[in-house]
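Naming follows writing order (A, B, C and D), and every chain is counted from residue 1.
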Amino acid sequence: MSEVTYVVTLQCRDTTGIVRALSNAVFAIDGNILENDQFTDPVTGQFCMRTRFTCERDVAEVSERLEGDLAAFTPTLTIRPETQRRRALVMVSQFDHCLADLLYRAEQGDLAMDIVAVVSNHGVCRELVERHAVPFVQVEVTPSTKSAAEDVVRELVERHGVDVVVLARYMQIISPQLCGELSGRIVNIHHSFLPGFKGARAYHQAYERGVKLIGATAHFVTADLDEGPIIEQDVARVTHARRPTEFIALGRDVERTVLARAVGLIAEDRVMLVGQRTVIFSQ
Amino acid sequence: MSEVTYVVTLQCRDTTGIVRALSNAVFAIDGNILENDQFTDPVTGQFCMRTRFTCERDVAEVSERLEGDLAAFTPTLTIRPETQRRRALVMVSQFDHCLADLLYRAEQGDLAMDIVAVVSNHGVCRELVERHAVPFVQVEVTPSTKSAAEDVVRELVERHGVDVVVLARYMQIISPQLCGELSGRIVNIHHSFLPGFKGARAYHQAYERGVKLIGATAHFVTADLDEGPIIEQDVARVTHARRPTEFIALGRDVERTVLARAVGLIAEDRVMLVGQRTVIFSQ
Amino acid sequence: MSEVTYVVTLQCRDTTGIVRALSNAVFAIDGNILENDQFTDPVTGQFCMRTRFTCERDVAEVSERLEGDLAAFTPTLTIRPETQRRRALVMVSQFDHCLADLLYRAEQGDLAMDIVAVVSNHGVCRELVERHAVPFVQVEVTPSTKSAAEDVVRELVERHGVDVVVLARYMQIISPQLCGELSGRIVNIHHSFLPGFKGARAYHQAYERGVKLIGATAHFVTADLDEGPIIEQDVARVTHARRPTEFIALGRDVERTVLARAVGLIAEDRVMLVGQRTVIFSQ
Amino acid sequence: MSEVTYVVTLQCRDTTGIVRALSNAVFAIDGNILENDQFTDPVTGQFCMRTRFTCERDVAEVSERLEGDLAAFTPTLTIRPETQRRRALVMVSQFDHCLADLLYRAEQGDLAMDIVAVVSNHGVCRELVERHAVPFVQVEVTPSTKSAAEDVVRELVERHGVDVVVLARYMQIISPQLCGELSGRIVNIHHSFLPGFKGARAYHQAYERGVKLIGATAHFVTADLDEGPIIEQDVARVTHARRPTEFIALGRDVERTVLARAVGLIAEDRVMLVGQRTVIFSQ
């Protein structure tokens, strides 16, 4: 069998011997470690690790060895040949800037992830999506159909083995039930300001207060937090001379950049969730 | 008389003919405009202007001409020979990073402003301040002495013709009365986060939520706004691997940089206050 | 006649009275100045001005008044109703990231400029361009056909009244003749590094030297300068862990952002060329 | 014996089993790994590792175990109790902005490094240095005394066990001999521009070409490279309206920030030198 690159993530309570156990296990299957990141979170006491190694054994043998040798730590463990790409379901409403950027990056090869389908409660993005040969699923979302719409999402997640649901400016609230089922697997992009402004006209409020920075935050969606664990953030400078429409246009640029970075990190298994925080093993 | 550089600021309700009236007035005294910035704020309808010009007339003649020719617009007008520097009173408690930076920049010549005195409710910064040959005034601030302490500030502002009071990590609340008296003339530096965290342990809260950016905001102090009109903002990147003490250290760097920029803009009459917003005529 | 917004730019040798003459002229046609920026370049002694005003007279009357009243300064003057958008001809070879971004922004309404045609020495971008309903003109560029290819460009510039030719990763050298004819009207995007690296494998050289920043520069193309007057620049951070292909991918992001900003500034007549420098009246 | 935190760095040719050998060695002395970073440089084939762990054994025992267990890899190995701080010798000429910042950060506790002495070919920084209770050594540098001056540096490096020589705006060239002796241990700060400008009036050249970014690069000094392996870089934005003196003032800010970051990374053994590149294990 030829050489395979594996990406492994591990999370467990911190104790001594974990690195040793993993490195011994990789050595036992003649693996060569390419990258290795680890972090013990002081807030939760969780140990997080990401290892990338090459090896000539198949995934079954690698999994058996690692799961066996690390069993004493009762870890949450993921083992993936790098060529077996992560799969995303993207949800969008009417604004297509984040979606268009993700599709473009996936096509360019900059985003190592398969977008298996796009779900929308509107039809405006259909042409864009289908042009990239990605299935477009339109669902009606009203009080009476919301539950059925979420069943469509559940079915797509199940059928395609979706790893992450990306809310690329999806303007509907995900039900607490679905949030719970997909805990740690839904990512949202949100504008953000200093000081914070809430609601639909946040950019206008920010403008009226004369902020000098506008930002965006990509975060996991949780049922109980207004804004879940943060994955990535960035800002752009604005001046008093910019009109609200320009705030929004600049905000779009920050949003698409921040979401693309967050999704790119997830595509490479670089994001680990510990309590209300993320550990990001960035390059 | 030799050539003098004047800096003029003007604020009034927007109407036609203001630029014309000013440029005619400057022409009438044989002035040559070096810089000219203007902005009409759509929120308040206020017209703001900053003009820098050279002229061989003295300040009395220049003032008379400009005040006369612009009287119809009932403007708020400031006229200053550039060599007559703005004067700051700095207030500080125990953390000296912003103060040290302002003193260093003033000494270097990077900050074109005179620091006429430093007021503190602690003694720890005395040596630093006196080393720069700036008077250090220690005042006790307790519930019973706060009023007297503010009288000391009033007296210093009066005596030295202070243009701006800079709260360089001054941890006491300024009374609404003093805020009112010095409206638009008190500047504060405040840490800021996305999302916002309040209170003394804001950096620890930000850490526990895993923010990726920490920021600082320099703003005017007003009696009725939690955070007054924003002058300058910036952020620094942090990761999960940084400890709360490192968040604070990085926060110090952003705070001192942002406050220095805000004070530098004020030193050059580049900041105009319109309602809850600032208009910044930056270079 | 209803209200029209005009954008005027002016460049001439610095002297007294220019602002006054312009503001008097605008006043005489009942204009109301919205924005006004000016700068006297100390290197060349050139005075630059950009004014945006509303007025109920037509463009012929406005032009006659301004040209007449300012004639004494023998200025280079442009007068444009804001709704009469600038026109760009985009040239591209095989890499489409800058082109795709410009087309997307124009379609979104973020870029207030008409892309009248795309010229390429390759066919790969045809589908992308035609999907946006923009004419795609493929020209062969070999030593023997280069001259004919540039005639096609000349003809398109002439026919469509093109204001600016944007080299959006066009990998052919423009002849000194064409550079001269379109002086101050050709914009290029170039990767840039600290220290500088030249040639086709610049990203690989930067990688081998372990740079921590990769940048891009948008500049005017001149016949005699390796890199002409700079319009906009930016950088992105990289680490030792990034591979050359990732340097190139991050470089693409910086390139498209920097070119889009430069073209956006040109679309609003905010870029003035003085000697080897640009004066940018940004917001 | 109570718990000690150790910082270990290792560099050797890449092969399998290194991580395993190290983690087994740490396990054998009952150590608990806190941080672990590793990287295999594709250009040189060098394997780099930094490990931080706690352990109750003394440094002799820890060193014996690690050196013994890793001997097969013939690594370059450093082992240091974290409380045994790195020692810097700072060299400066007349500009004190970088020096003042390093002294301030060391005093604040933000820079975990001992500045054992400051050497200068001028006397202007004496007061600043002695105020921080650091020895100031003035040396004359002329063609005939340069060799003796470098002997003073050699003697200070030897006597104080200096880990790194920091050229904080030291305007003399270090001889190839001394560069060779202190290879990988001399750090310099250099302004940098896009495009590059050389020589004493680099800021003026950058100004005349209208650059939009000015930068600084902290790098190792080598005998044979104009600018050695890069440790850290950053930039600041400038506009056409900034005068050359302001370019220089903004440049000072970037220089001091970039040098402080580079020295801070070295203080924590986060910088490894591989060929012409650095591997930076940042947080």
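Note that in this section a contact is a pair of C-beta atoms (placed from the backbone, for glycine too) under 8 Å apart; a residue touches a chain by one contact, two chains touch by 3 or more.
If you're wondering where the values come from, they're calculated on a predicted model, not measured in any experiment.
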Same vs different contact residues, subunit C with subunit D, by half of numbers used: same
Longest centre-to-centre distance from subunit C, chain (CA-based): D
Inter-centroid spacing, subunit D versus subunit A (mean Cα positions, whole Å): 36
Length of the line joining the C-alpha centres of subunit C and subunit D, rounded to whole Å: 42
Junction residues of subunit D, two or more chains touched: 35, 39, 239, 241
Complex contacts: residues of subunit B adjacent to subunit C: 16-17, 19-20, 23-24, 26-27, 30-40
Parts of subunit D lying in touch with subunit C, wherever the complex brings them together: 39, 41-43, 192-196, 207-213, 215, 217, 226-227, 229-235, 239-241, 243, 276-280, 282
Touching residues on subunit A, where the partner in the complex is subunit C: 35, 97, 100, 104, 108, 110, 131, 239, 241-242, 246, 249, 252-253, 257, 283
